[in-house]
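Chains: A, B, C and D, in written order; residue numbering restarts at 1 for each.
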Amino acid sequence: MKDVEVVTIKSIELKNPILIEGLPGVGHVGKLVAEYLIEELEAQKILEIYSPHFPPQVVVNPDGCVRMVKNEIFAYTSDDVELLILIGDHQSNTNEGHYLLTETFIDIAKQYNVKRIYTLGGYGIGQLVENPRVIGAVNDISLVEEMKSYGVEFSENEPGGGIIGVSGLMLAFGAMHGIEAVCLMGVTSGYLVDPRSAQAVLRILREILGIEIDMDALEKRGKEMETIVARLKEMEQMQGETEPGTTIAPEDALDYIR
Amino acid sequence: MKDVEVVTIKSIELKNPILIEGLPGVGHVGKLVAEYLIEELEAQKILEIYSPHFPPQVVVNPDGCVRMVKNEIFAYTSDDVELLILIGDHQSNTNEGHYLLTETFIDIAKQYNVKRIYTLGGYGIGQLVENPRVIGAVNDISLVEEMKSYGVEFSENEPGGGIIGVSGLMLAFGAMHGIEAVCLMGVTSGYLVDPRSAQAVLRILREILGIEIDMDALEKRGKEMETIVARLKEMEQMQGETEPGTTIAPEDALDYIR
Amino acid sequence: MKDVEVVTIKSIELKNPILIEGLPGVGHVGKLVAEYLIEELEAQKILEIYSPHFPPQVVVNPDGCVRMVKNEIFAYTSDDVELLILIGDHQSNTNEGHYLLTETFIDIAKQYNVKRIYTLGGYGIGQLVENPRVIGAVNDISLVEEMKSYGVEFSENEPGGGIIGVSGLMLAFGAMHGIEAVCLMGVTSGYLVDPRSAQAVLRILREILGIEIDMDALEKRGKEMETIVARLKEMEQMQGETEPGTTIAPEDALDYIR
Amino acid sequence: MKDVEVVTIKSIELKNPILIEGLPGVGHVGKLVAEYLIEELEAQKILEIYSPHFPPQVVVNPDGCVRMVKNEIFAYTSDDVELLILIGDHQSNTNEGHYLLTETFIDIAKQYNVKRIYTLGGYGIGQLVENPRVIGAVNDISLVEEMKSYGVEFSENEPGGGIIGVSGLMLAFGAMHGIEAVCLMGVTSGYLVDPRSAQAVLRILREILGIEIDMDALEKRGKEMETIVARLKEMEQMQGETEPGTTIAPEDALDYIR
């Protein structure tokens, strides 16, 4: 077995698509957005990526069928925009695997003549977030102003400590190969799967891409989340002695916890 | 030393055997069943598998002799059925090792023209199990109904989080090579070596394979286990304040704990 | 991607330079000194070193631009001295990576005809340090007396347990290739980034190299640190029951904690 | 750098020596015995073994000189016996490294025509040991009786859980290459460096090898140890509530704790 194996599901030709990455991470923000895009746009799968650097397990579908842990790339084309969307079950489980997989993703981007990459993630701040914000990082200074015009925030100390995993590495590898790349991070607690943060990211991404996306389903999930957050706060207030920043999860919230 | 080394102990020819995997895992359910099968059927060892991905230790036999950690494949043939049974001391200790070893097992399956694989395991639920159940996962949707007819349960949320290790990976690799595969998981606490759960798995497997197996010895071990479980419960009741789901092990139970 | 990739930024020729290593480590002592040297001497970057053995993340600059984790070598030449200075964001995240990277650093040292190496680090003693001291280790016994003449201390039991990471390995690999090497370790608590310890190391290194370096900026950071240490001690005294060696960090100190 | 590098320090020819392994492990029992043998017999170093699988650090000698972590083989020859003695600073820090290094050791054994191997270790039982015992494991059943005649104990349940590291793997690899091998384990608490246990192992090994070894120095260290153990027991008795099996270390004992 090779370190990374790419299986072509469907051959397509693209002029200069935009690549969007939404692998699992903090608050599953990127994953929520990327999967939502694929569903709403009815994007088509073109590639599957396998690697012994993924966790040594399989995913069990609700119907009882298992499948290998994998990453996948979907394609969507319209008159206005060409998109490649990278999603997956897991990121690498080994140190070198992160580098090897990112290298593969950038190779793929080059094959399809990708002109720009957006990697999506969450930025965990350790406490519940009142007002969803999206912070950014780029691989070329010229992108900062452009992103600010869409409402992406840049501040000196966020994110502190760097960006871990593929969302960060793709910017660095992209720069090496002359591909512009932006990381959009929804600010989130880091404790819960966060559809509200995903909503904030999607709203900005939608504007950047200039595409129409019905956000109803994601908004509905976000509202459920708000109800839970409200209850979490009530519980915190009732417990006067709770340390700042700690969170108590009511049973309803458990579905959102990863 | 190669990543995986296969040593042939006995050359045999088979038409289209069924491969059963029972490596160590949750509750040692799979291991108990597979070893019991080998003993009762007097299966013969045909292959030994060595790897530097196994834990760096040796096994000490009761007579004081040590041997390398290994996986082994045994063969049993009768007029009705041909079986290959995979057992072992340990699974891989490294991430890549799980993939490399599974790949080897599937290569072996193809060499012997295996038509179907059953991987055996335990599904830990974190509390003592009243009524033994066997849940399933498959690598082809057509197998679900067949398995249900033998009493294997399929539910949307079990197992949550996927199947870790060789028992899961063999289904995924099998699918890639056109070999039907089923994972049978005995529901178990996850705290104890569980012969009662093994019994439930063996009962179903026996029916699937259409073979006669005397279950007396395994039943005896299961009964001992029930006595221990009964005592565990008494102890729990006496301690009113015990948290739900926690288990106190009396000394007799220690032999069953791994 | 190769295990270690060296990118030449600027070609230079040197006669027999001294190599100074200051990668991140205990108290960031070595890193503080090496970065300070580069800044004050206006050394020029000549090499960048990349590796999949570094942590799988990127560094985000204050301006929002990310860059790959890397190690870098800077050069400084004057009439009196030629210096190569090795700094970086991280050391290897894998066991083998430490060896592979050190091997590369020594290869580079040989290419530039390096005659002596100074590796800089911190030696954590688990409690606040009253009087900054610098202890040493060498790869040739003849260096001990020379170092003592500069105030470097050598004692039988310091450092106990060896020197971990590149600062240690470069001495051992250097010895194998006939390059004299000294490790200078600023004694530090191990809890805080320690500019005072860095100052003590730089003072000795400056004398060894016979170069002029304005230490004002580092002294200023050191003084801030002393204020914090003084407050830490007050707080310790107020809490009579504090265990010896434990440290309470006031909020101002947090910027110094890594 | 190769996975394992063997450097010849002195070329010698041997007829059919016995190989003794005493790398660091539980209670440093094996290491104490092997180092004591080298010192008392004035054995000569013939080989050094280096590997990037050792921990990424260097050892600092009391004189301030560092050296690479390594394993070493010493040779001793007399009219009666030829010995190769394997010692070292550390065992492998990676899973595969244990296998690769053991393979190298067995290759070396074959080159020197080794007829028998003794690996030395400690068997930790989690409480202070009253009467030093030595338990054994072998790689050929015929060796059990021979070892028993020297006072080595064999019991069905000791050691439970196998033998971890080179001491175990050398027996298994030895068996594969037709070299008889015995593991002698001094029973020890597992908390302390244990010269008394080392004494028990050496006493048996001395008889097996038929060599004269002055045990005075080791006995002296053993007596110091007994004093410490006596004090530990007093302290336990004074603290009526101490849980059975727990150990309180007085300051004098710290030198013995690893």
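As a convention for this text, a residue touches a chain if its C-beta (ideal position, glycine included) is under 8 Å from a C-beta of that chain, and two chains touch if they have at least 3 such contacts.
Every value quoted in this text rests on a predicted model; they were computed, and no experiment measured them.
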Touching both chain A and chain C (chains): none
When chain A is superposed on chain B by its C-alpha atoms, the rotation angle in degrees, nearest 5: 90
Same or different residue numbers at the chain C/chain D copy interface, by half rule: different
Most distant chain from chain C by Cα centroid: B
Centre distance in Å when chain B and chain D are each reduced to the mean of their C-alpha atoms: 37
Where chain A and chain D are represented by their mean Cα positions, the distance between them in whole Å: 52
Sites on chain C at which at least two other chains make contact: none
Arrangement of touching chains [line / ring / star / complete / other]: ring
Chain pairs that touch, as defined at the top of this document: A-B, A-C, B-D, C-D
Residue ranges of chain D touching chain C (in the complex, touch as defined): 1, 52-53, 55-60, 62-69, 93-94
Parts of chain B lying in touch with chain A, wherever the complex brings them together: 92, 95-96, 98-100, 103, 136-141, 144, 154, 156-157, 159, 162-165, 168-169, 171-173, 175-176, 183
